[in-house]
Amino acid sequence: MTPENMTPDLRTAAPARRHVEHFVADFSETPLQATDKVQEDQAPLSLWGEAWKNLRRQPLFLISAFLILVVVAVSLFPWLFSGIDPASEACQLANSDAGPATGHPLGFTQLGCDVYARVIFGTRSSVTVGLFTTLGVLMIGGITGALAGYYGGWVDAILARINDIFFALPLILGAIVMMQLPVFRANRTAWTLVLILVTFGWPQIARITRGAVIEVRNADFVTAARSLGVSKFGSLMRHVMPNSLAPIIVVATISLGTFIVAESTLSFLGIGLPPSVMSWGNDIQSAQASLRSNPMPLIYPAIALSITVLSFIMLGDALRDALDPKARKR
Amino acid sequence: MATYILKRFLQLIPVFLGATLLVYFLVFSLPGDPIVALFGDKPVNEAVAAQLRAQYHLDQPFWIQYLLYLKGIFTFDLGQDFSGRPIAAVLGEVFPVTARLAVMALIFEAVFGIIFGLIAGLRKGKFFDATVLIASLIVIGIPIFVLGFLLQFTIGVQLGWAKPTVSSAATVQDLILPAIVLGLGSFAYVLRLTRTSVIENMNADYVRTATAKGLSRFRVVRVHILRNSLIPVITFLGADLGALMGGAIVTEGIFNVPGVGNRLYRAVTQGEGPTVVSIVTVLVLIYVVSNLLVDLLYAWLDPRIRYDA
Amino acid sequence: MSSAVQFWEQGSDLERPLLEIKDLAINFRTSHGDVNAVRNAHLTIMPGETVAIVGESGSGKSTTALAAIGLLPTNGRVAGGQILFDGEDISNASEKRMIELRGSHIGMVPQDPMSNLNPVWKIGFQVRETLKANGLPSGPDDVAEVLSQAGLPDAARRAKQYPHEFSGGMRQRALIAIGLSCQPRLLIADEPTSALDVTVQRQILDHLDTMTTELGTAVLLITHDLGLAAERADKVVVMYRGQVVEAGPSLELLRNPRHPYTQRLVSSAPSLASRRIQVAKEQGVESTDLLAPTEPVVVEEALPEDVLKVEDLTKVFKLRGALGRSTDFTAVDNVSFSVKRGTTTAIVGESGSGKSTVAQMVLNLLAPTSGKIVFDGVDTSTLNSRQLFAFRRRVQPIFQDPYGSLDPMYNIFRTIEEPLRTHKVGNKASREKKVRELLDQVALPQSAMQRYPNELSGGQRQRVAIARALALDPEVIICDEAVSALDVLVQAQVLNLLADLQSNLGLTYLFITHDLAVVRQIADHVCVMEKGKLVETGSTDDVFDSPRQDYTKALLNAIPGAHLMLPPEVATA
């Protein structure tokens, strides 16, 4: 502090009731920085890049991503994980309810089938239904939701009513009713299930997309693009959709888990995949009868199912934390 | 407020009509003889088939069929099931049981979800919060029928704390375990919703202002944080009542609860189309009405809504 | 620093300070470790005195004030120094002690009236609980009394209403009522009026002054506006990057700023600058240094033509009421004005005046209900889509919110390149060259090209928005509150940039703003709008020197610091 700075200014003609000092901080301690200088010490980072950087550090994300990779690998190449192909090797009643044995780490079902092999080979139907239902739901729900949110007006009004109607019929109930139809009853495959789950699953994604699009559509950068001469549809595709993706991705990831649950629930109820198709839901249902004497054939597919569903839900949760713009600002 | 109620009510009419029309269309109007379809895997009994054709007015044009079906719903004339009992009487038996189960589940998820969510929110980032968050994810991740079997097997069979299946009277005591199973998923959701909402409100400007007024911490939490946080939670709970009743099919199957879901499941496996349609229609009606009630509740809880409408 | 602190203690033999902050340091815990938000802060408030802390966003002014009432965010803590309230160190006081002090000894009036009242409780309830918590009588009459003292008419009935039934100004009165209801000795007012319209601002501040004077309450006023601080406070403390850089009697500080930051602030604050222009004109001083209105850049032409003409422009919105009934709301009512090429025309008005609706219609983003907009001799409503596309090249907008006007998914290069691509200008290489030139023009480093908007500050984003607007070499730029969200110094920089660009490129600006102080600095012509109507129009000098309408007079009168006597030479910083 230099003496000059400390000198009180006695010429001050302030109307204050008492003498007030004029304090000035030492310039060297309070250096003036260039107004509004661009920070150049860090590498540029896009929003997705930043989200990825955050994700990589989240244990929840790492665990769930690893589990999902394993599940996907098992469903693509089940024979790599089990030496027994339950489809070609008949179950032996002699092994009924037997415990673990060499080459059969998880024991046998009441019908003498290898539990481990069935769990491994049952993965595919769950993942197929979950994945393709999610894709279908994203297509239908995403498109209708985006159009309703972006164009508003009567498009929105009509789509909103249709949406409400489908919402009034919960997923499982709707699927039960639809499975009553002769067409579907005769062809119970993974694809029929996908079709039915998409029919009753799209409204949720449509709502989320609509909300996300409405939030973005009035942003100044969209107006700016419009006044640059970008067409209305062009700004939807180039500006609105990319900025609405985050919540849609989060909900779609979580939905994938719930569709897998829905498939196994329907199979469990006996109206999903036919018993001839290997699936966790079917296995759980057939193991139900011998629950008290031999709970293991029920427990293992249930664990596989739970871990798969949990991975997708955990991934969704991790993505929400990484992509949520509100969380990012804090 | 009156206009708001009226407006919401009017909005629900097309939803109900649309949903019932959808159900009706799916069951009775797609290719194939619906009456034959109603018999499912059983051989077709021509006498019953003729009776059903008349009962569902299948000789009439589609719109007349639908309107007569609607009339049936509102006059509780829902026809008969395969054993010849009026479906209305069957519903009268099973609905109270499911309603009891759903209300118990709702109380369970509301009380524990809100308490745990509030504590977790107030202690954001602490040990309790982290534990509860992970636990709630696991609960959401495990399918309800897996949870059901797990609890039935451990608590019911091995520990013997509760009866693994429900008696035909379905008393409150019988229903405790099924109600917990039914409510667990929503409990985790209520917990997370309360937590998020509490955290959001804790950072709200008006909470800081309330503190600056000299209010005690307890009062700030109760009057300002909790009261505001409950708005979305109560809205969810209201809508969940309808969802719980419709979603009880799995739980009721596991615990053998003589409720709507169980009856619906039997109707499905035995191919009793008319019973399925009637039950689903009533469930849609309950869902729609509970949503109307939620809207009113929401307007009552949040004064801003009443005037925005 | 120790000698300076002693300095501040000299006054204490006269009277004990009510609040004394010494060497205060505040840290925030973040994911990157502790961040220091305030250091070496010191200030003294004597009983009944008004002290203002002035600073830009992030300067630590609010943090310092919140520390004094124990309301730091949960990740913040006092890391050093003392906060003495009436001699008692409260920097680490127990929560119990703070609850005793809050309300009855230290009150607070927060910044944003929209978010500071709990939306689900009636106003009366929120006043009553304050009285009750501090052990004062809290019957309906007491509540009404408190509210009516804060200038709320019909208080007994108003107490039964919810916050959303109140206007912004009324809410702020309710918040002032709450802050002063227990007659605290110190009131912390954190930007108490910055969210309000200027005319309301003035009324509220006047009333706050009257009340605190009557009650003998000391006020700690937090503000970003040096003019406002000087007008309202006995003493001003300037904070910059977490430190107190200068403090002293208000007028002394304005007349004789010593720290370079204060000097810049004094020369840039729009309210002061506009006041200086006024003083300079009155004294006949040529105000060349001041950010004076740029002369119309008309090089060869004898008379500038009207590039934009708005005739009888009207916009009626249908507001949907209950049950399909709809009411008409006239947002813009029969507005006519014209803009000469190469000049700046400002449309000034408060919220709801319809000024932004006019901008939207001029940009052809909203169709007028009646009337027409003639751009370069052509009625813009008659354009077909190809002509409209061509029109878009010639008229470009810059919006208010620097956080909303750039697509967060686009990097700066793509953002500025988008107009060129859309209009298929040049090839990839020539477009890149053009983007580089544009970045130079707005004084941004070319290294910023690969950055994303979230990595830039508000002012930098606004420069990018300017570069994007300039990409197609437009003739007219519509600035819709383009500098309102920026800090004072940054605002001055952007205004300078706009002025330079205008004189270099011959641009025409239509400048939409609520801030008359800014208008004085940049505009040649002013249109004043009130509730959809154009109430006054004329050259900037005419409107400022001899306003004809009461509304214009009220607006001018509401510029903070309008009554300060400032020598024009202060600006030489």
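Brief remarks follow.
For clarity, chains are labelled A, B and C in written order, and residue numbers in each chain start from 1.
As a convention for this text, a residue touches a chain if its C-beta (ideal position, glycine included) is under 8 Å from a C-beta of that chain, and two chains touch if they have at least 3 such contacts.
Please read these numbers as outputs of a predicted model, since none were measured by experiment.
Taken as a graph of touching chains, this assembly is complete, with every chain in contact with every other.
Set against one another, B-C and A-B show the most C-beta pairs in contact at A-B. Put simply, the chain closest to the centre of the protein, by Cα centroids, is A. The centroid of the Cα atoms in chain A and the matching centroid in chain C are 41 Å apart.
Taking each chain's centre as the average of its CA atoms, chain B and chain C sit 50 Å apart.
Chain A and chain B have Cα centroids separated by 24 Å. The part of chain C that touches chain A in the complex is made up of residues 1, 3-4, 7-8, 10-11, 14-15, 40, 46, 49, 234-235, 240-241, 243-253, 256, 258-261, 264, 363-365, 388-389, 392-393, 395-397, 399-401, 404-409, 411, 418-419, 422-423, 444-445, 447-448, 450-452, 454-457, 459-460, 465, 468, 472, 489-490, 493. Remark: chain A residues 1, 5-6, 8-9, 12-25, 27, 29-30, 32-33, 35-36, 38-40, 42, 44-48, 50, 219-221, 223-230, 239, 242-243 touch chain C in the complex. By the touch criterion stated above, chain B contacts chain C in their complex at residues 3-4, 6-7, 204-217, 219, 223-224, 227-228, 231, 301-304, 307, 309.
Residues 69, 71, 95, 99-104, 107-108, 110-112, 115-121, 126, 129-130, 133-134, 162, 164-165, 175, 178-179, 182, 322-323 of chain C are the ones that touch chain B when the two sit in their complex. Taken in their complex, chain A has these residues touching chain B: 161-162, 164-166, 168-170, 172-173, 176-183, 185, 257, 261, 264-265, 268-271, 284, 288, 291-292, 295, 298, 302, 305-306, 309-310, 313-314, 317.
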